[in-house]
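Okay, here's the structure, questions in a sec.
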Amino acid sequence: MVQAGLFHMILRSCRRAVAPSPGLVLISPPFLYALILLAAPIVGVVMLSFWSQDFLEIQRDFTFANYQTAWTERVYQVLMLRSIKVALLVTVATVLLAFPMAYFLSFHIPKRRKQLWLFLITIPFWTSYLVRIFLWKVILGYNGVINGTLTTLGIIDEPLRFILYNQAAVVMTLSHAWAPFAVLPIYVALEKIDRSLLEASVDLGDGPLRRFFRITLPLAMPGVVAAVLIVFIPTVGDYITPNLVGGPNGLMIANMIEVQFKKANNDPLGAALALSAMALVGTMALLFIWATRKYLRSPS
Amino acid sequence: MSIRSSALLSLYVGFFLIFLYAPTLLLPLFAFNDSTIVAFPLSGFTTAWFAGLLDVPALHEATINSLAVALTSAVLATCLGILAARATTRYRFRLMHGMLGLIMLPMVLPEMIIAVAFLVVILHLGFSLSLFSIILGHVLLCTPFSVAILRTAFQGLDHNYEDASTDLGYSRWATFRLIIVPMVLPGVVASLLISFTISLDEFIIAFFLSGTETTLPVYIWGQLRFPQRVPNVLALGTLLLAISLGLMITAEFFRRRGLRKLGLSTQESVL
Amino acid sequence: MNNDPIIRINRVRKSFGPVCAVSEVTLDIAPGEFFTLVGPSGCGKTTLLRMLAGFETPDGGSIRIDGTSMIGVPANKRPTNMVFQNYAVFPHMSVADNIAYGLRAARVAKGEIIGRVEEALAMVGLAGYGARSPAALSGGQRQRVALARALVLRPKVLLLDEPMSALDKKLREQMQVELRTLQRTVGVTFVLVTHDQEEALILSDRIAVMFEGRIAQVATPHDLYQRPQSREVADFIGVMNFLSAHATVSTPDGMTVEIEGLGQVTIPRSQAPANLGDDPVVGIRPEMLTILQDGTHAAGRSARGSLVDLQY
């Protein structure tokens, strides 16, 4: 009996091996590509982060030293905290900026115009990212658009220095860069709200404000959560903006990772910094999803 | 909503759009401004900055590199995208969501991580950096976008169409050629154009992985250090914006035509 | 006329994983017949139809169409054509190209294609619609295109998978009449799948009622309605009142039962299968009942009752 059962099992697994699902065959090339060129390199980075580097020579002895340095040395702590802080500020600013816009798109634009408006909002995004960030430097600079205009108008005698090369400039520039990405998911969530729910809320006695906080906002939460994640995760690792408009006090962790890999020739420390940042961001993202889970359940 | 709060909201939308468009509108303005200092007031109209782009060999080289990288990446990413989209819309199999998740991961990963991971592997395996390494990275980055676009295209492809074609006498291959390809073609074109645009604009991966040959964004990055070169950069940025916009409008046109053909709504956008 | 069955289904089974969709179905369908497979959703009727078309392979048993075994014959090589539930009219081709699609596969000469497409369009009442795009057609028109596209190939069997389910009630009734007329005109064997018992009764020459992968009864609409062979079938086809009874006398001619409140009733043998036990269930169609005033003399059997509710 047992033997027959075993034989049957082997036969079945053989048959499965001979004829795999056509879907599996089709997805193999893109999956293997991602596995070899994304998953494997990340494993490589993990391994590297436990090694050490002596000038150009990699020492393959297991060590926690890189993580110790990354988490305890003042300079890295400052950069990591600043990156998180800037990303949080950018996220809050972007979502607050984007929500009314998405609300306007969803509730105040006639259906046939919505596509055009969506396109209108995404156009600025198609300016070269580098050039776009650089233009903020031009707008905020010492001889820039804001200072130039204010001086010409006689409102100020001397150009303002505090508007460029600081964290505020970084936050503003990044908020601008991410605005369309935050509008879209919130808009989609608002569009999905059954309009009769809003009418029911008024019918049951809610005023506009109470309706917004009791019905509209909770139902739009999946969009808000998506917007938060879309903005927050990549912002922590942004390189260009702090470099161009951040000044010495606006630099973030990505700039330090680049320094470790290029000028400082300390790849293992760079790897440990990158992974630490990723772990921190990942944990925060998961905590956020957990905290908002009651809004994310789909009605079924 | 009361008239007053409605007016307030409209006012806000006005400010939001100004904020959103400020850099984009200033770009062509200063690109045609006859002054090396980028500030108001404007001093006069000139096309000199555009003309100045013509005699920079390094720029031409970077442009050709960028076009080659973007074209190759777009084609490869779209091929991978077609396979993943077809596999996940037509079939169900074990670990499908996990596999799709890994393929889509680069969409949410900071580019810095991808760049660093690539750098580590390429250098430690003893390969040298080249345009090829940039292409590998860009394909990884573009594939999720391609998959997202093509999945909508393939989802519109009810498998009854394939059954009907077989039932009417065609083989699988003929069905693929006569039914599937024409129906998803607009999606394929949209995927090619969007991947091309993303690759053309990508900086971090190109910056980390470029050896002696650079792409356009890396070239621009180098130029930003020289104040006297800034107007040229702005002229170049204006050109790139025009090209990107052209490609995007074409992509959106094809995508919508495809959806209309399939009798689907065109309400949802690419992004 | 050749009276051999055009379709012979013999002990066909099909499972999807642990779910048994069709089990041991045996069925003969005569040439020129309008045959309907009816049953609740998930009863295996669509799976059986798709096995006839060649989209699903039976796990066991045999299917012969016009005397030829269909085992291993792919869908594109079978003498059957199908009208799909959502019609599957190719959206990127004109109406004429849709209808010519199968003719091109069969490498019919160009000149002949034009003629046959015209003919098919006229047959379904869409003459002059050839150049239109399917997007510009209504649901009913799309269904006609799907019909024309399948019939233009002169199949031996036309398979129809819930063709009316997407149409509204009025259009559905109109299309049912047209479909029946069309079938009589072309003389092709139609095999229809539907969950709508009314539609099955209106359209078919014969009906097979399916429950959970098995055929419960095959009969003409009249017999199915008048002489259902099981409570399940009686319940599914039309409306039926069920009363529990007690058998008193059973002879070869019939069965006498005692129904509570109604007294003794003798049921002819043709409506009372011999193997019923001592406590059978008796079904009465509501239209067989008449309500009379108190004291009025009834022609047949009568019982007293009170009127509780009235619906129009």
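Each chain gets a letter, A, B and C, in the order it is written, and its residues are counted from 1.
Going forward, contacts are C-beta pairs under 8 Å (C-beta built on N, C-alpha and C of every residue); 3 or more make two chains touch, one makes a residue touch a chain.
As the structure is a prediction and not an experimental result, all values here were calculated from the model.
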*So how do the chains connect up here, line, ring, star, complete, or something else (other)?*
line
*Of the chains shown, whose Cα mean is nearest the mean of all protein Cα atoms?*
B
*Which chain's mean C-alpha position is the greatest distance from subunit B's?*
C
*Approximately how many whole Å separate the CA-defined centres of subunit A and subunit C?*
56
*So how far apart, in whole Å, are subunit A and subunit B when each is placed at the average of its C-alpha atoms?*
18
*Averaging only over C-alpha atoms, locate the centres of subunit B and subunit C and give their separation in whole Å.*
53
_Per-residue multi-chain contacts in subunit A, two or more chains_ = none
*In their complex, what parts of subunit C are in touch with subunit B?*
53-55, 74-77, 80-82, 84-86, 88, 90-92, 101-102, 105-106, 134-135, 149-150, 153
_Residues of subunit B defined as touching subunit A within the complex_ = 1-2, 5-6, 9-10, 12-13, 16-17, 19-24, 26-27, 30, 37-41, 79-81, 83-84, 86-88, 90-93, 96, 99-100, 102-103, 105-106, 108-114, 116-121, 124, 136-137, 139-140, 143, 147, 197, 201, 203-204, 208, 217, 220-221, 224, 230, 233-234, 236-237, 240-241, 244-245, 248, 252, 266-269, 271
*subunit A to subunit B touching residues, read off their complex*: 21-31, 33-35, 37-42, 44-45, 48, 58, 97, 100-101, 103-104, 107-108, 111, 114-115, 118-124, 126-132, 134-136, 138-139, 141, 143-145, 147-149, 152, 176, 179-181, 184, 188, 208, 229-230, 233-234, 236-240, 244, 254, 257-258, 261, 267, 270-271, 274, 278, 281
_Residues of subunit B defined as touching subunit C within the complex_ = 158, 160-161, 163-171, 174, 178-179, 182-183, 260-263
